[in-house]
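Note that the chains take the letters A, B and C in the order they are written out, and that residue 1 is the start of every chain.
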Amino acid sequence: MALRAAVRNKSALSALLSQLSPCSSHGRVCVTQRRNNSTSPKIKVDFDQSAGVAVMRLQSPPVNSLSLDFLTELCINLEKLEMDKSCRGLIITSSQPKVFSAGLDIMEMYGKSPESCGEFLRAVQEMWLKLYSSNMITIAAINGSSPAGGCLMSLTCDYRIMADNPRYSIGLNETQLGIVAPFWFKDTMVNTVGHRTTEMALELGLLYNPSEALKISLVDKLVPEDQVLTTATQTMTKWLAIPDHARQITKSMMRKPTIDKLTSNREADIQNLVSFITKDSIQKSLRVYLEMIKKRKG
Amino acid sequence: MALRAAVRNKSALSALLSQLSPCSSHGRVCVTQRRNNSTSPKIKVDFDQSAGVAVMRLQSPPVNSLSLDFLTELCINLEKLEMDKSCRGLIITSSQPKVFSAGLDIMEMYGKSPESCGEFLRAVQEMWLKLYSSNMITIAAINGSSPAGGCLMSLTCDYRIMADNPRYSIGLNETQLGIVAPFWFKDTMVNTVGHRTTEMALELGLLYNPSEALKISLVDKLVPEDQVLTTATQTMTKWLAIPDHARQITKSMMRKPTIDKLTSNREADIQNLVSFITKDSIQKSLRVYLEMIKKRKG
Amino acid sequence: MALRAAVRNKSALSALLSQLSPCSSHGRVCVTQRRNNSTSPKIKVDFDQSAGVAVMRLQSPPVNSLSLDFLTELCINLEKLEMDKSCRGLIITSSQPKVFSAGLDIMEMYGKSPESCGEFLRAVQEMWLKLYSSNMITIAAINGSSPAGGCLMSLTCDYRIMADNPRYSIGLNETQLGIVAPFWFKDTMVNTVGHRTTEMALELGLLYNPSEALKISLVDKLVPEDQVLTTATQTMTKWLAIPDHARQITKSMMRKPTIDKLTSNREADIQNLVSFITKDSIQKSLRVYLEMIKKRKG
């Protein structure tokens, strides 16, 4: 097929992606690509062709915030791997100390126009859609704290291994900041830990330490910090033993209803989130939060 | 707004409520109100304005049965608190010894006309709708047994603290009486303890002692009997730390699909329940049950 | 009613069943019946009229594979018991050593025409529909391994008691064979152990030993092997104490949405499964699997 042929041609790929990626509708991909040429990439992918497994390292200092640039780069990388039939598994981990990902970049939602907010939220949706519906085996090697959007990213994976460090935490803590997790964040968590645990966790914006997270099955396994990646690799071997087509159809059967809820409501969801986030009261909440962070650092 | 202004005017409130409350469609509220003027109130509300927390004490001897009068009074009180923006949290507890609430008053369904049964069941629906969709933080301080409708009332709350007394029990035990829990009782329990536990609990009409209830997460915490209310107050403080608007939207996101199932089917549900409960065989079951209770007392 | 009258007349029954049973649409029931006259029955039913409980023993050597003949005989027996109002409870167990049921008979799906595959899969659906919607109290006395379709059969029951023998296993392991569990297998497991556990179990085709199965609530109780049937009988007594009509309506309330998903999509589901199973790649997977089994035996 023309598509496959084009993908094999590396220089053709970026052109293809700029057409395919929904993030590119405003020419964003090209801008980012150009920008990235002059800055360090925020994501590093090592693909072990013989094993069929890619390791994706999040390396956007200081805390792997999910900015629009970060998300665009992430989506391009995911699309590239997804199209490569030889890539069967993906391990996501962090290169930053102490943090997996701090979640959505608040700066993308503070003092921005509705159009900018919308573009950003569309990119967050895109990340979730790509990860939650991935045909690859996805394993989160959570080697640091993983609040809000960082937790969401982990939840999209097939398996979660977390560093057993009591100073790390994970959870959807949006309400603590005065904001609300979108319904597909909620759905992903319900699918993982059930309705009641999700209800209490989201209402209180709970962050769990690794032991607590394991207890409610928010993560699947705890290991010492220096063994997170090797354990992820070992776990991947077990998953690779299953025939891809059977595993993929099964995964799709489990997740399709949840994915369909967003794909059939993307623009309405964006409008809803934008009108919420651009409210004066919410912008004020974000300012208070940003000032608190600034003070902590100072 | 006119509504808010009216609410501030205490004497205007009851007139307003008699218009708003669905229970009032047959003039029931007024009758009840008049009746209550000559009898003791079945519910006592203490509102601590400075804390923003109300404590609602169920005090209808002997066992806080959910009669039509009780439910009407409960709904009026809930509506009053809900409209008062300064009331952010509600703790529900019992003033009766050994029992939180014995559930629906069987006498309202035994030997009654379909119309009476229907009016009663509409009031039960109304209580559930008001509690399950409350914007307030609701905490059940379960200081006694809580079967059937009493369990339902607890399940609508955001958090459940139960007295650690092995003689107390909690559960939806309707089938033991030969009757069936309505689908929204079932939905509330599924949302709390999951599908499988609910299936077995409802088929067998299981009542759980506090330890068992904690194990299946039917309640969230056990404390010695004399600490139930103080623990509820302490827990409330933690919940009050979360911005109301974010918590409320989150709560609605979690519960709206379940609430919508009833609101879009109220009359059909009532007709269904009435035609079941007025069957000769079911009326006979209720008589057997009532005679058993009478003997126990005798 | 004419139906009831006919049922009381034993000789009329088989004629009636051949009309009622969907398996009979191609005259299959008659063929099977005739065939069974010359072979041993694959299922033995002992009905204790005084207790109102039937024990169904699966006795199709060597491993109670769910062949078309087996399923047809099973459905006829279920229909017979279901119509007999005096039969309130059903215990399903195995007469074969070490195995409850090995699941679907692969031979019915290997090298067969789409029509034959379709007929077989319709019979599997029929078994599931009959068991999952049974008005009887159904208890699985799992006295051996129970993979794939054997696990499904257990999951349809109201209660599962398994022999505590670490050499036995249970689970929906279809993906290990390169095939995929139908959506109603998945739904039944989600209803039993929740979404997340099902997702991982189905993607990896996990088989659980009895202790693991109990831990995730895939089974409800473990007992020594020689006590499986007596425990099932004791458990049945507890369930029989609940009024049938209340338990039946409750069971239907819990399971109807899941059942409706299949009944409104039976033919589409069959077409979907047949087109999958008759693919060259899947037929090859089945051949590899069959050869592996043959070698093991050799």
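Following the convention adopted for this analysis, a contact is a pair of C-beta atoms (placed from the backbone, for glycine too) under 8 Å apart; a residue touches a chain by one contact, two chains touch by 3 or more.
The structure displayed is predicted, hence computed values, not measured ones.
Interchain contacts join each chain to each other chain, per the touch definition above.
Superposition angle, chain A onto chain B, using Cα atoms only: 120 degrees, a multiple of 5 between 0 and 180. Of all residue numbers seen at the chain B-chain C contact, under half occur in both copies; the interface is built from largely non-matching residues.
Work out the mean CA point of chain B and of chain C, and you get 41 Å between them.
With touch defined as above, residues shared between interfaces to two or more other chains in chain A number as follows: 194. The residues of chain C lying in touch with chain B in their complex are 158-159, 190-194, 217, 220, 238-239, 242-243, 245-247, 249-251, 253-255.
In the complex of the two chains, the chain B residues touching chain C come out as 174-181, 183, 186, 194-196, 198-200, 202-205, 281, 285.
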